[in-house]
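Look for subunit A in each of the two complexes below; its partner is subunit B in the first and subunit C in the second.
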Partner chain A sequence: MMSEMKTAAYLCSGCGLGDKLDMASLSKVAQKAGKMAIVREHPFLCSEEGVKLIHDEIEKESVTHAVIAACSRRSKTEAFSFPETALSRVNLREGVIWVVAEGHEEIRQEMAEDYVRMGCAEVKKMKLPRGNPESGKEKNILVVGGGLSGLTSALEAAETGYKVVLVEKETRLGGWASKIWKRVPFSSPYNDPQNTGILELISKVSAHKNIEIHVNSAILETSGAPGKFVVRIGKAEGTETEVKIGAIIQATGFSSYDISKLPELGGGLPHVVDQAGLEQLAIKAEGKPIAREDGKPIRSVAFVQCAGQRDESHLPYCSGHCCATSIKQAMYFKDAHPEVDTVIIYTDLRTPGMGEDFYRSAQEKGVIFTKGKVSSVENAGEGCRLKFRDLILDEESTIEADLVVLATGQVPNSGVNIELPEERNQVSVLNLSYRQGKDMPQLKYGFMDSHFICFPYETRRTGIYAAGPVRRPMDMLQATEDATGAALKAIQAVENASLGRAAHPRSGDLSFPTVRLEGCTQCKRCTVECPFGAIDEDEKRFPLFNESRCRRCGTCMGACPVRVISFENYSIDTVGSQIKAVDMPDEFSEKPRILILACENDAYPALDMAGMKNRCYSAFARIIPVRCLGSVNTIWITDALNSGYDGVMMMGCKHGDNYQCHFVKGSELANYRMGKMDDTLKQLGLETERVTTVEVAITDHEKVAAFINDYAETIRIIGMSPMKGFG
Partner chain B sequence: MSYRNDFLKEVEENVEEGEWVKMCMQCGVCAGSCPFGPHWEHSPQKIFMMIRAGERIQVLSSDSMWMCTSCYNCIVRCPRKLPITHIMHGLANYAHRLGLAPKGQPTRVFAKTFWDNLVKTGRVNELKLTLSHYFRDGFIQGIRNALAMKDIGLGMMKARRINPMELFGGHGLQDLEGFHAIVAKAREIEDRKKGLKNG
Partner chain C sequence: MASIATNQTILVVGGGISGMTAALEAAECGRQVILVERNTSLGGRTAQLYRYFPKMCHPTCGLEINLRRMKANRNLKVLTLAEIRSVSGKRGDYTVKIRLSPRYVNEKCTACGECARAVETEIPNPHDYGLGKIKAAYLPHAMAYPLRYVIDPSIIATEDGQRAKKACKYDAVDLEMKEELVEMKFGSVIWATGWKPYDASKIQPYGYDRYDNVITSIEFERLADPHGPTGGKLLRPSDGAEAKNIAFIQCAGSRDENHLRHCSRICCMASLKQSQYVSEKGESKSTIYYIDIRAIDRFEDFYRKVQEDPQVSFVKSKVANIQLDEKTGELILKGVDTEGYHRYEARHDLVVLAIGMEPESLGIPLPEDIITDSSGFMEGSKDLGQFGAGAASSPLDVNRSAQSATAAALRAIQSIYRTSSAEGGQ
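Our next item is the complex of A and B:
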């Protein structure tokens, strides 16, 4: 391979680079230290003429590996797109001349020269990614769950031209939406409950030529990967069907919180129902005045909001829809018979979206809203007595009602909690044959883990998308939108998979992980730590990579203690060689070197933006973008310290429950791994401050320079590393 | 407390702008905006909640409505656009008619004095109004009040803002009968509007 490599470096002197940097000296560095076969300077490299120069040379000179020393790798991506060439971008603009304060010409030039050395070192270790050879071409979409979300996903995908297989465990389609009388309005004027529209949706789905429906069925097993899932569907009667699937949408919805767990609120009493129970009474009444189960007409009804919700001993969260649902149900009474007393007792009324209009409409209809906290519901005479504290009048009150409706919450039907698989009464939904467990990873309260801020539709199983209340508590309108979003994500997934490319967030990436099995010690860390469950185990207990499930974050590469995992264009060597390429001044130079490994998703753009805003930071920093902090292998840190770096700073995304890591677990794992770094540092006789981690969000462009400068100051105080000259 | 709609309905039928009470969303902005906030029994927010809770006597005998100075802060700020000031005056009026308004409440006493003074001649006789206000708590207190205010009184007399001769009869409207007919008609219209026979 090496004999075929032809290297070239292109240095741009535009955007002020030529004024601030000694370009001739940079060229010499690329030639001598970088060992580039061709070195060119150009005053305006991203111009048509500049790009043509590179193109022509790639053609004529068969350049296989190119370095472009100009602006950030995030700029001019369209101009500098050479898909047949391994490419390294050296960031002299945002990374050097825009961030080094005036008056530091000497160290600025040193910084630029180091970056050129690093780019040349990196590119020689890169290979051109060829795409996943194991990619599958199946494009059918499996929708699990035939409620409002599932039906919507199925119809949206089918209308786009994709074949859909819809699996529903009950004998009829429709789910909760077919078990309610009317829905909260989706459209103006938001005054009255609307028809659910579920029958029309069911008939559209049933009649669609692209949709194959399996009712009374469950998923027996799901194996494979995006583009090549094999799913066994079992009917209750015992028959079995096997289908080949490209992507999966799990729209298994929710169950109502069990009201028998709320005895203090009357759960279990004859005249206390949950919202679903009230819907049944309303369906029976068909728009006429609603009667109780025992046939008695209802003259007064009390709704108890947040029944077993926002309550640490029941459901700690708000289900979002119940305030509007109670308002709708109170309207059932008022619309049929305005003399019925309807009281909604709430602690905080939450009616997001157009719910505020709906709320106002209910007030106009005479529904009474009382801010209070209900303490007990008991049988009293023909009905119930509620005791509550009126939070406005600040006094204990009682109220009697013929019927009490408890607004209980949504409990997601998410299958087995793979973190606690031994918990009882868990029935798997997907029955994944993945090493990490049968169902999707959960985040909190049993809802599916998804990146809440940036890409809520994504889950931690590539090609499997959660839609509707199984993802987070939601109402019908939100579920409709959610289901549509999930259908589009599923389509993206099958298309990317068929081209051998990564799915979100490295959408379109053709690189994929390879493992040198002869070096593997079967420690299993990669199989355990992969945030996406991409790695199984083969019969000889070696890791079995499912490239199509991989998101290309490199967490496995960061985890591997023997460093046998790599990507063609991102590996232990591509980063390691950059670390070693830096010219290390001696201990007495007073020129420390600080290695910064910056997450390319948030920290690196924040650094670029700091450059755009001319926020200056220390010219002693040497920044290397990484795919995710999860991909940082501790060997890079120990190598850096051994070769004389004075400090190593890692910049990654926020971790924990409110994580912002684009690969969910990457920054958390990095933090965990670096927590063990202190011992290593002590063994090396180094101060623990020499390795540090900071959380940087993409919006932190104002802070990021200060993070570096503060760290440079810390290094100045603790002094230069004693390791220089031994590396 | 009943939390039935009975009293709310009574208010809607009998109180000026009373049909707005059900639209209150209990945000408390009125209570927070009222310059008299700490000085009265119940904030508008509480009054509205008490109406819905059916606390009839407590609402109608509250001094709150009488404390309103009509600054209109609450109306300006109410996110639900309730005409709060008007509702408060409507409630005061209704409570007064029913004889449930707090008896010795000074604002109410003054309002009544003012009205009686005005209706007599069709014009406000400021001297008599002032004196009847001073002497409301008896003769001795009246003399004390008058002495305390004597400098202002004399000053106003010097500046011809008060004419002592007004004490004897005083001037009034030319067509007093016509004025009384107007007042009677207005009362009749209002009573009809509220479905009452007499005020």
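Our next item is the complex of A and C:
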């Protein structure tokens, strides 16, 4: 497909580059060492005229591979966008003249020349990504779960013109929403409970021409990838259907925390119910005064908030909806019969946003709110006795009530926890045929939430999104919003998959991993370490790449001990050749070379900002941006050390519980792999300080400079590498 | 310009986290989007935050990803310094007038910074809510997008303006630039106009307008930020002394019928987060005065962690008033601790008001068709062609704003699909 390689280098002398650097000498480097067929220097390369020069040569001279030596790749990105050309950006501005202190002209020039050499070396190893040829064109969306979230996702996607397959395990659609009397209001005025609207939603979904419904059904197997999932749906009566699917929304909702686990709060007593139990009584009453299960009228009711919630021996989290739900339920009583005593015992009342109006309305209706912590609920006479610590009066207190409602929490119906060894009592939801497990990885407490604040829908299974209370605890309004957003993500996933493009965060990336199986030793590191479960194993136990599941982070490339995995424009060679391109001074020069592999998401921007803020760092550094530290293959490091680098520093994102790695596991894996580097260093007869890893946040423009400078000092102290001249 | 937008194009108003999210999510579904931002660069209020709860990670990290997505996406066009003047028409066929204010710097700008070096005038830094100063030729912040300088209108007709022009080798400074009014067609509109802090000076007993050392939570973010006016030191404004005993007052304006009816949702978590900025400074102490701590869902983990922090204490109380001790510059907070009903008179050297959110759109002429709730948050338009997203629609945190914006993007795409399939069916 690609014609013969024609290379060109474009050097900009604007923004002070021409004043501080010997451009003629840089041009010569591009020509001689870089072996660029065309070399041009321009005083203002990002100008219309400069960009036109490049465009014209791409057209007329058939330039296929171009080096632009100017500012950072993060600057003027749109101007220097040539989609049909393999491109390497050499960062002479933010990365050289803005960070090298005055008075270091010679080493500054050497730094710039090395970067030009590196850019030329890189570009020649690059191929223009052509998109994933294995892309699937299927655009149907599977929604698992027919409750409020699932119905909403299904309807929203269908109304946008996409075909939907909806699978519900029960015989009827509706889920929890069909088992409640009324809902907390969705819109103003926030004064009274509203109709749930679930029947209308069910009838719209049932009648929709784009929606195919399977009730009483479960997913037997999900295989494939975005754009080409194959899903087997089994009916309880034993029949099976196979459907082709583009993307999946898991909206399997929650179960109510089992009140029998709360005997101290009366769980199991006849006049103690959970919120779902109260809804049953309310449905039976149909708006008339609510009676107990035994038929007795209720004159007093106590709601116990956070029952088994915010409690490390039960559910450590808050389910978010329960305060407003108890308020709504207290209103059932007050609206039907204002004389009923209703008391809500809480520690923090949590009604965010307009929920405050709803709270206020309950106070106006005479609902009593008591700040307290309930210690016990027991049978007493015809009803129950509650003991609690009144937190306002700071004393023990007792009340009696005909009925006690425990506000228990939401437990997500998330299926198998793939991090745990197989447990018998777990039933898988998706039955993924993925090597890494049957269901989606969970974040915490069983919820399939994203770990990323900015990107709430990011799961670790490409093209599979969680929506509603299975993602995080939420109320019905939030679930509706969440399900609508998930419908968008599913649509986006099928559209991107059909074009062979990556999903978030490298959205639009057309590169994809390829593997040279003849070199593969079946070590399985790639299949185990892929943070997104993209790689399976075939019958012969070779890795089986599912490109459409891949996020293009390169973790597999970093993992591979025999270096058979690569991307067209990012490979062992594109980086390795840069490392080798650096002109290595001899050990008597007192000019050490420090290789820095910097995560392009956070560390590299921080380095740019160091430049913008004139934080100077050592001109002995040679920085190469990497897609993720997870993509760093140890061969780069051993090659660097063998060829005489005096130190190698890796700059990546924070790992651990509050990890900031955009590819979830990348920086953690890099850290783990580097932990094993000490042995290699010893074998080479090198000091362990010659390789180091640092955590960098994007705001650390001061720190990055300090890290480099401190490291340069360390290298100065331990001395030049003895490996020079042997590489 | 008008020709690029059609009745298939989605207009997103507001370039904060919600607007960027809505625009990107729609554009990455292959739809045409124009994102209009009133300020000089994207990022909105999140770009002015130091860190996010509960991960204590940096907002610019997500901003970087979003900017990269934006630079790579040809379906998305961004207009900055652009304000909506009017929206007319109906779903599938809106005509929108947009005012483009002059930046006085054109697209030739390379962000080399020569103009800023040449200019002498300093102006209050808008990125720091005016707490610090910046040259009148400036880059809004290090992560600004577009990465292009701005010349403040105040120096246009001055020698400084000429200096900026002269310093630019690339002919990027254009002092003749004029305001423009453009008209474009859109199929659907997403209002992601965000929020603004409630006017703290209206809460009279707290003396925000009288006492230097009473500041708002958003100002505190700038103090904590190493990129901010104090380089990340928590210095009290009155004398620049380091604040070591800081009070956080919750529900400043919120949950109060005299001010904001609603709960602003984010403030409890924001103060819990900010107490950690304080604890990180060594010996410093935080006291959080609250009514209810609303650390919803997994945020409870963060609340638990802060409760275990010996440097942070909690007082359940709505602070009655604040007085100044003129001699020491300290503030005296008076009120009743409702847990046990104790009166207190507590001294602090800095008071941070966890200020409530109100819709930024309160100051924007909205189309008549838009439905709002009693606090002015947007529910959308009656014709189902315009939608609220993020904090414009409800007081939301960043995560929920992104969720809401993603939902709004779907609604906008759907609205266009409905219109065009109805037309196709005719």
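Keep in mind that, in the parts below, the second predicted complex is superposed on the first by the 702 of 727 C-alpha atoms of A that agree within 3 Å, B and C clash if a C-alpha of one lies under 4 Å from a C-alpha of the other, contacts with A are read in each partner's own complex, and residues count from 1 in each chain.
Rule of thumb we're sticking to: a residue touches a chain if its C-beta (ideal position, glycine included) is under 8 Å from a C-beta of that chain, and two chains touch if they have at least 3 such contacts.
Please read these numbers as outputs of a predicted model, since none were measured by experiment.
Partners subunit B and subunit C clash in the overlay (superposition on subunit A).
By the touch criterion defined above, A:252 lies against neither subunit B nor subunit C after alignment on the C-alpha atoms of chain A.
The larger set of touched subunit A residues comes from C, when the choice is between subunit B and subunit C.
Once the two complexes are overlaid on the shared chain, A:357 sits against subunit C while remaining clear of subunit B.
By the document's definition of touching, both partners, subunit B and subunit C, reach A:392. In the overlay built on the shared chain, the residue A:369 is in contact with subunit B alone; subunit C does not reach it. Of the two partner chains placed by superposition, only subunit B is touched by A:341; subunit C is not. By the touch criterion stated above, A:496 is placed in contact with subunit C alone, subunit B being left untouched.
In the superposed pair of complexes, A:300 makes contact with subunit B only, with no contact to subunit C. Of the two partner chains placed by superposition, A:631 touches none, neither subunit B nor subunit C.
Applying the stated contact rule after C-alpha superposition, one finds that A:459 touches neither subunit B nor subunit C. Put simply, of the subunit B stretches 27-35, 135-143, 153-161 or 171-179, the part that bumps into subunit C is 27-35. On subunit A, the surface touched by subunit B in one complex and the surface touched by subunit C in the other have residues 349, 360, 371, 392-393 in common. Subunit C makes touch with subunit A in their complex at residues 17, 21, 25-26, 28-30, 52, 55-66, 68-69, 71-73, 108, 110-113, 139, 142-143, 147, 169-170, 225-227, 254-255, 261-265, 292-301, 304, 316, 338-341, 373-375, 377, 379, 394-396, 398-400, 402-407, 409-411, 413-414, 417-418, 421.
Subunit A meets subunit C in the complex at residues 14-16, 44, 46-47, 71, 74-78, 156, 159-161, 187-189, 310, 316-320, 348-357, 360, 371, 391-394, 444-445, 447, 449, 451-457, 472-474, 478, 481-482, 484-485, 487-489, 491-492, 495-496, 504-505, 507-508, 601-602, 605, 609, 612-613, 654, 658, 660, 662, 697-699, 701-702. Across the complex, subunit A is touched by residues 1-5, 8, 22-23, 25-26, 45-46, 49-50, 52-53, 55, 80 of subunit B. The touching residues of subunit A, counted against subunit B in their complex, run 300, 341, 343, 349, 359-360, 363-364, 366, 368-371, 390, 392-393, 397-399.
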